[in-house]
């Protein structure tokens, strides 16, 4: 038995259980939560370099599972998100007064499907296997988005479908060309010829659409803003990350040797524009959830802004760690923020930022969760978000890159502008508005996630060490790397 | 030693912070007790540290925060100067805040964030590396914001927005500066100034401008002072401790660190950075005083006075001569004690008599003689009348100016003193010599709460007087400032 | 001769695809899409990929075609037109230009890849270890069983996702009735369905059975089964189940669950999804039967759509 | 480019053209159901590329065959979800248009 298998098998087993249990499906989280957290912890403490082939069938035919730094950071964070979201949703997706609804029945199996799919994606090195995991996650994501707005869900569905097909087209070319779709083998075999470049291009384009990098982000804000709070949290925190992780695997592992610096700069430039555009849009929003959704557009930009910084670094391990820490802390903080926003908006029965007036008095815990998440998202210390932006800014300045450095600074300030606006409204007024009392169990979910995002700020060294476990050569260690050839 | 003294000192306010956040309003008495006990314990710890450090003990707590960036808390003489000031004033302000608020709304939140501010200010003081300093400096911003918007009205929300805009932009510039410097010369500890000789002068100057610009925001250096007067929308205890002491001093303290412990006097002189900064500080001194004269609202007048007075510290630091340094450092303490006295008195007047404008001060001395006496001592000190502490600062600054061949400093000091007199003396005149408007029977020290509101100001006023009268005693701020100068900057 | 046949086949594939995409009337489009799918099946046959040909005809053309027809009639019943959207001329031109350029690049890339069955020897070398003769089943159920396992959950997840779309009042009613409205048609379909369901069952079982040695397998068998269920439902021979029916739930999860359980049993004795020596064939056939049954039920319900309020239908 | 090369790549080239056609359809067509059909054409094209390039002497490599079968099943699953969403959206739109008496889609 290995956590590499169980982290995928267990959620799928829980999915089956939830489907069979029907109305009682929500109770399963009480078992699934501890099990998955324990498995994640097991994964983190595995000795470095643990990897095995499914069914012992050798490459190039078989599928390799691996506990690298990416998985060791993202799997536990994903588990934390799912557990917290599930605890929050436990109340929201419950059968009410005997009249069970479709959502109370279907949310839980889909949650586990998404969970299993995410874990499977983080752990595998097989590009076709990744296609299947993308679809596992997308399927659940589309259905969750459709719970809020069918129209937005349908738009998301069609875009995601084309994105996955673009990715699949690349996989098809690679499989035919190299007779393997394993990233570790491709890293050795890949040559910079037309089919390979074509494959990289279409795969990247498809994944960027799914990751919603500016200017391919159009579908994200309506879908993420309309969904019910737990679904929004999962969509913004977890779903987006899978496409990004696959991009990391492609750009820094499978094709690290053949991707040119100009391509890195292109992605970095799109990231920079995403930060600026997403932040400005977030500032302009009047509805809280749209603000948070545009914040996702902006925050994703940082992940890509880091690409050229990693590729050109003297010591790529640091920006590499930064980008993973950013992914993890964004995951935690964004899930926390959507859940906190959901609680607050539900309490005031509105959706506008101006509806939050006085909530710092009436719902101090929810506002605290929102504020802690905001600190991490704006990259203010002490938080995981700060650690990530600090390392990125450090790398940008060290490399003398003015534009990324400026964007990092401006993005942080714009982030503070849009994130402190709802807080400011929450602190306004002198009388506490009459709202329903906070349910301690539900508040605990965003509070725990946001606190984790803050706590990451104190664990910088541990995170950097974890991120470097089994890291691909292109991003490993202080050895002078020669990227771009 | 598991629990290092610097770490304990920094983290101690966390205990009352958590207690304050957690306790419900009906247990307010317990909350007050926790705050007072913690503040008193901290004074005790600092007193002990003062003794140890005087004897040459060096305490530090270090932990690797990120590769190449240590999180370092270090007790040195300069750190202790700032820490002593803040713990003393913390205790006083805690008493004052309890008296000021009584049982108002949101006090749990207020005391919680108040403690986080003290934590940050102590951290700023004890930081041993630039990055540690930055962390606490930024934390200070975050912890202060809820206090600025405490009242929740449109005015304080606007103040909060402006405050964040200024300070976050400032710290962003500061962060860029320190990371740039780090990229050039490696990690920067205050005790071991980096070797800057290999860095081009233009780059060094740019980095200096970024850092001092960033720190200058909190120090309210012209033209970065805009947030301070609007931030006076906050309740009086907040203005008192944070805006007269913790926040603005954190900026000034940071600039002192930059000049003396990061760049070093030699490099600053070589780059010719002293005179422009001194000129800017001098301009801020005069500008702040001029604006103060024009204000009618007492708190805003005091705020502009702060803008002016904090720049005395910068003036002293940028003149780079032994007497000027001592004058600047000692003013860090003196200005803090005097300004907090003024703010606490202003708060008491507003709280009890509803006096907010200078023109309402008529006869206030007769209604609240104790408060106004304290206020007068503070005001006279600010003007620089001997033997109040402010005189000592100005004296040393003046001599320092002459030493550094900058005789214009004396002119600036004289001009500023005149302006100080111009905005303080009319207030004293109205309060003591004009008749009060008709008021029902009013007892200044009627209840315990009244006493908690008024007596802290008396204590600080007495301290301001003592710091001046006993300036040459071995425990005075002046002596300590001299010790810092001897140990650190005058070899 | 073969080349000519293949050339004509390819031209027809492209032609039917064009019509299916761009013809104004959507029913015509669907008809051409089904023809297109069948032609693709022929192409796969021409390539000697009988397994894929079966899957393409049954699933790609068959099930997808039925889905499109049913959805079309639902939309028409709601009064919605499915016109060939009047895209702006410049958009059409731009799209055509961009897609031509993309196609050219893609074609060039394809041309520079040498075709070849380089992995076939590897697969053949491994086949004796699992005791099957159909190498495609070997890849699907052993060498890349992990993909197939996850895929079975994708199918299950798709049904759950479709169910999640049920209107609040409709849960847990059965999907929209597929029973034909015209009594004469119903009569014909009814007898047809009654006749065909057992045939489908037998055929599905046969497909799965031969799948281990010759073309066929769980997915193809499951699709045939689904077809049988659907025809029977259209003819009123069987009713569609309520979505909270526990028997239905077990039928849906049985395949994926057995697959997962056998995979985990492998993990307990050695490696996840590894079959102990000598048991491979038996285990694979077991999985395939249960999986085919679950796939049949799942596909049939996927086609039927989400639970609906009584009385709504095409 | 020689004639034999094209003939040897006949199916994958057809696949490439199908991908282009499908993409063009996806961009220009407005109705989601037609877009879904276009997506299926793209998918068929990709499978044809994958299978056609795995074609050896006489038979096709079982490895790409297995990938294609997996791909076809995933694709039908997604198509089913897509058609269900399109139909439900249409129902909702009609309900919204025909009057407020119809229960709106809302949070449970």
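Just so it is clear, A, B, C and D label the chains in written order, and each chain counts residues from 1 on its own.
To be clear about the criterion, a residue touches a chain if its C-beta (ideal position, glycine included) is under 8 Å from a C-beta of that chain, and two chains touch if they have at least 3 such contacts.
Quick caveat, the model's predicted, so the values are computed rather than measured.
Participant: Which chain has its C-alpha centre closest to the mean of all protein C-alpha atoms shown?
Facilitator: If we average C-alpha coordinates per chain, A lands closest to the whole-structure average.
Participant: Where the CA atoms of chain A average out and where those of chain D average out, how many Å apart are those spots?
Facilitator: Computed value for the inter-centroid distance: 27 Å.
Participant: Taking the mean of the C-alpha atoms as each chain's centre, how many Å separate chain B from chain D?
Facilitator: Centres of chain B and chain D (C-alpha means) sit 68 Å apart.
Participant: What is the distance, in whole Å, between the centres of chain C and chain D, each centre taken as the mean of its C-alpha atoms?
Facilitator: 12
Participant: Averaging only over C-alpha atoms, locate the centres of chain A and chain C and give their separation in whole Å.
Facilitator: 31
Participant: In chain A, what residues contact two or more other chains?
Facilitator: 61, 101, 103, 128, 132, 135, 139, 142-143, 146-147, 150, 169, 173, 176-177, 179, in rising order.
Participant: Please set out, as single numbers or ranges, the residues of chain D touching at least two other chains.
Facilitator: 12, 19, 23, 36, 47, 49, 53-54, 63, 67, 70, 74, 77-78, 81, 85-86, 88, 105, 108
Participant: In chain C, what residues contact two or more other chains?
Facilitator: 106, 109-110, 113, 115, 118-119, 123, 139, 144, 147, 151, 154, 157-158, 161, 165, 167-168, 306
Participant: Examine which chains touch each other and state the graph shape they make (line, ring, star, complete, other).
Facilitator: other
Participant: Write out all the pairs of touching chains, ordered by chain label.
Facilitator: So the chains that touch one another pair up as A-B, A-C, A-D, C-D.
Participant: Give the list of chain C residues in touch with chain D in this complex.
Facilitator: Where chain C meets chain D, its residues are 3, 6-7, 10, 13-14, 17-18, 20-22, 26, 29-30, 33, 36-37, 40, 43-44, 46-49, 51-52, 55-56, 59-60, 63-64, 67-68, 70-72, 74-75, 78-80, 82-87, 91-92, 95-96, 98-100, 102-103, 106-107, 109-111, 113, 115-120, 123, 135-136, 138-140, 144, 147-148, 151, 154-155, 157-159, 161-162, 165, 167-169, 217, 219, 299, 302-303, 305-306, 312.
Participant: Provide the residue numbers of chain C that touch chain A in the complex, in ascending order.
Facilitator: 105-106, 108-110, 112-113, 115, 118-119, 122-123, 126, 139, 142-147, 150-151, 153-154, 156-158, 160-161, 163-168, 170-172, 243-244, 246, 249-250, 252-253, 256-257, 260, 263-264, 266-268, 270-275, 306-307
Participant: Considering the complex alone, what residue numbers of chain A touch chain D?
Facilitator: Within the complex, chain A contacts chain D at residues 61, 92-93, 96, 101, 103-104, 128, 131-132, 135, 138-139, 142-143, 146-147, 150-151, 153-154, 157-158, 161-162, 165, 168-169, 172-173, 175-177, 179, 228.
Participant: Looking at the complex, which residues from chain D come into contact with chain C?
Facilitator: 1, 5-25, 27-31, 33-34, 36-38, 40-41, 44, 47-49, 51-63, 65-70, 72-81, 83-88, 90-91, 93-94, 103, 105-106, 108
Participant: Help me check something: in the complex, which residues belonging to chain A touch chain B?
Facilitator: 318, 358, 360-361, 364, 375, 380-382, 387, 390-391, 393-394, 397-398, 405, 409, 412-413, 416-417, 420, 424, 427-430, 460-461, 464
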